[in-house]
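By written order: A, B and C. Residues from 1 in each chain.
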Amino acid sequence: MGGYSLTDLVSIMAMQGFAGLILFSVFVLMALGLAIIFGQMGVINMAHGEFLILGAYMTYICSHVVQTYAPALFPVYFFAAVLLAFGASFLLGIVVEWLLIRHLYKRPLDTLLATWGLSLILQQIYRSIFGAREVGVELPPWMMGALQATDTIQIPINGLIVMGLTVIITIGVYLLIYRSRWGKQIRAVTGNRVMAGAVGIDTDRIDRYTFGIGCGIAGVAGAAFTMIGSTSPTAGQLYIVDTFLVVVFGGAASLLGTIASAFTISQARSTLEFFLSGSMAQVLVLLTVVGILMLRPQGLFTLKVRR
Amino acid sequence: MSLLARLNTPERRELLWLAIFSVIILVVLPSILEPFRLNLFGKYLTYGFVTLGLVICWGDAGILSLGQGVFFGLGGYCMAMFLKLEASSVANTKIQSTPGIPDFMDWNQITHLPFFWQPFHSLAFSLAAVVVVPTVLALVIGVAMFKRRVGGTYFAIITQAIAAILTILIIGQQGYTGGVNGITDLRTLWGWDIRTDHAKTILYFVSAIALILCILAARVVRMSKLGRLLRALRDREDRVRFSGYEVANFKIFAFCFAAAVAGIGGAMFTLQVGFMSPSLIGIVPSIEMVIFCAVGGRTSLLGAVYGALLVNWAKTTFSEDLPQLWLLAMGGLFIAVVLAFPNGLAGIFRLAIDRLPKGPGGRRQPGITPVVAEQAGAPQ
Amino acid sequence: MTDQPDGSRRMLTQRRNVLKGLAAAPAGMLVPAIARAAAPATSAVNTTGLAVTDDTVTVGILHSITGTMAISETGSVEAEKLAISQINAQGGVLGRKIKFIQEDGASDWPTFAEKAKKLLVGDKCAAVFGCWTSASRKAVLPVFEQYNGMLYYPTFYEGLEESKNVIYTGQEATQQILAGLDWVSKEKGAKTYYLLGSDYIWPRTSNKIARKHIENHLKDSRVVGEEYYPLGHTQFNTVINKIRLKKPDVIYAIVVGGSNVAFYKQLKAAGIDLHKQTLMTISVTEDEILGIGGENIAGAYACMKYFQSLKNPNNEKFVPAFKAMWGAQSVIGDVTQAAYLGPWLWKLTAEKAGSFDIDKIAAASPGIEFKGAPEGYVRIHQNHHLWSKTRVGRARTDGQYDVVYETPGLMEPNPFPKGYQ
């Protein structure tokens, strides 16, 4: 790389490192909800992208309401929107579990089809309510700027917010599953559903709330993605391929696997994109993922469970 | 009564239904539909190939593949490559900077035909590739997955990932594949113009007959010991394994069979519709094909084919009137079928038949035992 | 064929689907009452069995109103319906009111082909206004050529195509690109360019033309990077870093769809100020800015033939009429305006030809002038594209463009440009 000064190169490398980390956070945020649900119940939620977009639309509504009724709060409305997005997706998740998923636990393959039907319906509902066009979610100016770390290093603030949210959510999920009484019950149900039921755990309730939380996290992701992407009835589809790749590559049932796989894919992609063209980088990453999946189809990590 | 009694062996009854089906698609539809609508049904029939394969793979062996669009598309692309080369004769492509190669290659500054396009000058090779390419891919995936006992939902999402990946590959390599536009403007098959109404009607009959032959082939598979084993391993995989069978091999067979017929369907699609594009390969079309099968009945060959015809017909008809409502209806239909009618239309039909007064003889046809409960098929 | 009676029954049921384009004529429009009695006989204007009666003529509208492309195509549908209702309010075409049948392409190319065939064969539409992506046009083109239909295609596109059965009302690539590059080179003194695009035929062909022009026709100028990202790509931080490293004078961006929003939001968040860094795009119309947010793209230059803020008498009538029909919030982009031209050009052509017959329309099209176009005067070229001006606009925070430059004369459409292939 001739012709560039050393400081230039160093700052580009630093910023590129951040770009990789941001991509990693985005992947984790996208995939975590899906992985939790799959790990817990063996259900793949094909409407994941639509739950995500629900979060984005909630942010959109929130920004309008705040701008109209409480403009003073506009600079910080986003944090309320994240909570609202979680709440809305969580509630919808609970309702969907109650109406749909719980009837299908014995037929996990059929949940794929049912949730896909659900995603069609949700897309059409969004289109009817918000119109077919993209909506612009207006964000407070401070969130759309860059942090001037040094003279030549600029770090996108929205990237930092995404990273922060990811860390909070990941720690939250960790505490919930590995440190709380409720998490103990979740793990018990995952390990052996029948025995867990026998010792008095209400497995139905555990399933319902786990599904709700998985959807809620998707909603948070959607709220976060209003900072970096578009909001439209079909925008959920933009994220779904990457999400599935991350989950499959990570081994689907393991949260650690999901995080490891998000890290691997994001670093590979951002590094390759830097040296190659974008399409080429994506193709190489995809081919490698497929290759590894052929050699190790259970993914990077697998969870030993008794079923 | 005597007629009913004679027809009441399950074997004969099934053949009767097949005969009725053949009459419907070979005689009834062509005589009541104008050429344009008939051509549409020809397109729907090509999805029938896919759903047929899914009955063996999903209904019988319990392997849900969400990547059937991949095999459908590969078959279609093999056919399209041959037709495109024929349409890109030097005379037809005079205005290009490099005459004699497909137009999209010329637009992408490719100056000579890539090596993997060369063999597609031969019709025999292309026809063989229509079946072989999807089958080989299915074999590779099948060996990699089933030998390691990967199955169930996890297998389903891996096939889905493969569908997504292939789409991105094709779109990204547009100089070699036509990209997102696909391979368009196909004209002749060995000098025979496939675009005329007359040709399309002939192609309809070719599809219909090929489909009936494939149904017969699938029926042979289902009636054999192999078919019984497939159903056995769907319901109790471990017991089949403990009985000394190599379960993976049977699954691989079912998967490859489904891939091969899907490839034939794809080739027929290309011939009738006149182009092939990545929009037929990706996640959405792949799932839709599974849905056709589920609506028709995943354990019934004819049910699955009727499912493909009906859902597509409904899609065309309703989307002409109420496109928005159609999406809601389609989503609702899938949920309803999955929740309430796991055996689809065929299951409802069978219930109705069972209510009829019965003669002596077998009650239930072999090979169409309804799905009771699928096992999670967890990788262990 | 054998099923003639059945065929006509089919026609009857389909006629029920016909939506009547009679939405309220905008208040500002003049409504000259053309004497209906003067309408020429049906047998004279329709010798090929099109859906023309003594007082109506049926056309088709074929866009995606579901699926991912609905985002972009909605505006075109609205513009076409507006044009049809205005034409009807003025008395229609050759004394006949226009009825339209709308079909949904569902963002799926085979569906486009199927519906196109239905409109031509089943409904006998005299003209079809529709398609948006190149892929959908490629899918329907053989259908239009085989069944001899007439398609009015509104989108700016890559060129490399010319058909008797299509009128391209948007600009082809050289029209859209060359003037803009000349302007940015002269006005900004730009020497280095970074070409960026979504990975499909239109951005690739456009960038190819841009590259040839930069390297062969602009003094001392060169391309320092050229990159493509898959459609729907949402992560642009890496490419932004690459751009930072190369420090180009101009970022030339042809990113489309959902990627667009991601690209501009991330560009802004990365601290790249478009008031200092020149960015020129040919893919962001006012429609796209709705999703991107005006504050995220303000300062960027767009090069196309129409902007909503254009000041001329035609546009001053068109914009209020559009808003009256589709709501005060609606915006009008380049493609929307081009879609609006379709029905009008067809009307003018039919009146010149004195017939709805496709062959006569195709033959009469070259030379048709439309003086009422919101973009100003346009004329159909021998190659069925439009002569039109090219303009450069600069994005404002409110989502509109300020027009900063327009070519003095009409640009000639040149779908097969010599020296650019």
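Quick note on the criterion: contacts are C-beta pairs under 8 Å (C-beta built on N, C-alpha and C of every residue); 3 or more make two chains touch, one makes a residue touch a chain.
Just so it is clear, the model here is predicted, and its values are computed rather than measured.
Trainee: When you draw the chains as points and link the ones that touch, which shape shows up: line, ring, star, complete, or other?
Mentor: Per interface graph, the chains form a complete graph.
Trainee: Considering A-B alongside B-C, which chain pair is linked by more C-beta pairs in contact?
Mentor: A-B
Trainee: Could you state the distance in Å from the CA-based centre of subunit B to that of subunit C?
Mentor: Here subunit B and subunit C have centroids separated by 37 Å.
Trainee: Report the inter-centroid distance (CA atoms only) between subunit A and subunit B in whole Å.
Mentor: Each chain's C-alpha centroid was found; their separation is 33 Å.
Trainee: Where does subunit A touch two or more other chains at once, residue-wise?
Mentor: In subunit A, 124, 127, 279, 282 touch at least two other chains.
Trainee: Which subunit C residues reach two or more other chains?
Mentor: Within subunit C, the residues that touch at least two other chains are 65-66, 199, 230.
Trainee: Note the residues in subunit B that touch 2 or more other chains, in rising order.
Mentor: In subunit B, 168, 172, 324, 327 touch at least two other chains.
Trainee: Which of the residues in subunit B end up touching subunit C in this complex?
Mentor: 31-37, 39-40, 43, 95, 97, 103-104, 107-109, 168, 171-172, 174, 179-182, 184-185, 195-196, 273-275, 277, 279-280, 316, 319-321, 323-324, 326-327
Trainee: For subunit C, which residues count as touching subunit A in their complex?
Mentor: Within the complex, subunit C touches subunit A at residues 65-68, 70-71, 74-75, 199, 226-230, 232-235, 237-242, 244-245, 258, 260-262, 265-266, 268-271, 287-296.
Trainee: In the complex, go through subunit B and note every residue touching subunit A.
Mentor: It comes out as residues 58, 64, 66, 140-141, 144-145, 148, 150, 152-154, 156-158, 160-162, 164-165, 168-169, 172-173, 283, 287, 290-291, 294, 324, 327-328, 330-335, 337-339, 342, 371, 373-374, 376, 378-380.
Trainee: What does subunit A use to touch subunit B in their complex?
Mentor: It is residues 38, 42-44, 46, 100, 103-104, 106-110, 112-114, 116-121, 123-125, 127-128, 240-241, 244-245, 247-248, 252, 279-280, 282-283, 286-287, 289-290, 293-295, 297-298, 302, 305, 307 of subunit A that touch subunit B.
Trainee: Using the touch definition from the top, list the residues of subunit C that touch subunit B in their complex.
Mentor: 1-3, 6-7, 10, 14, 17, 65-66, 103-104, 106, 108-110, 113-114, 117-118, 121-122, 133-135, 138-139, 141-142, 146, 158, 160, 199-201, 204-205, 208, 230-231, 416, 421
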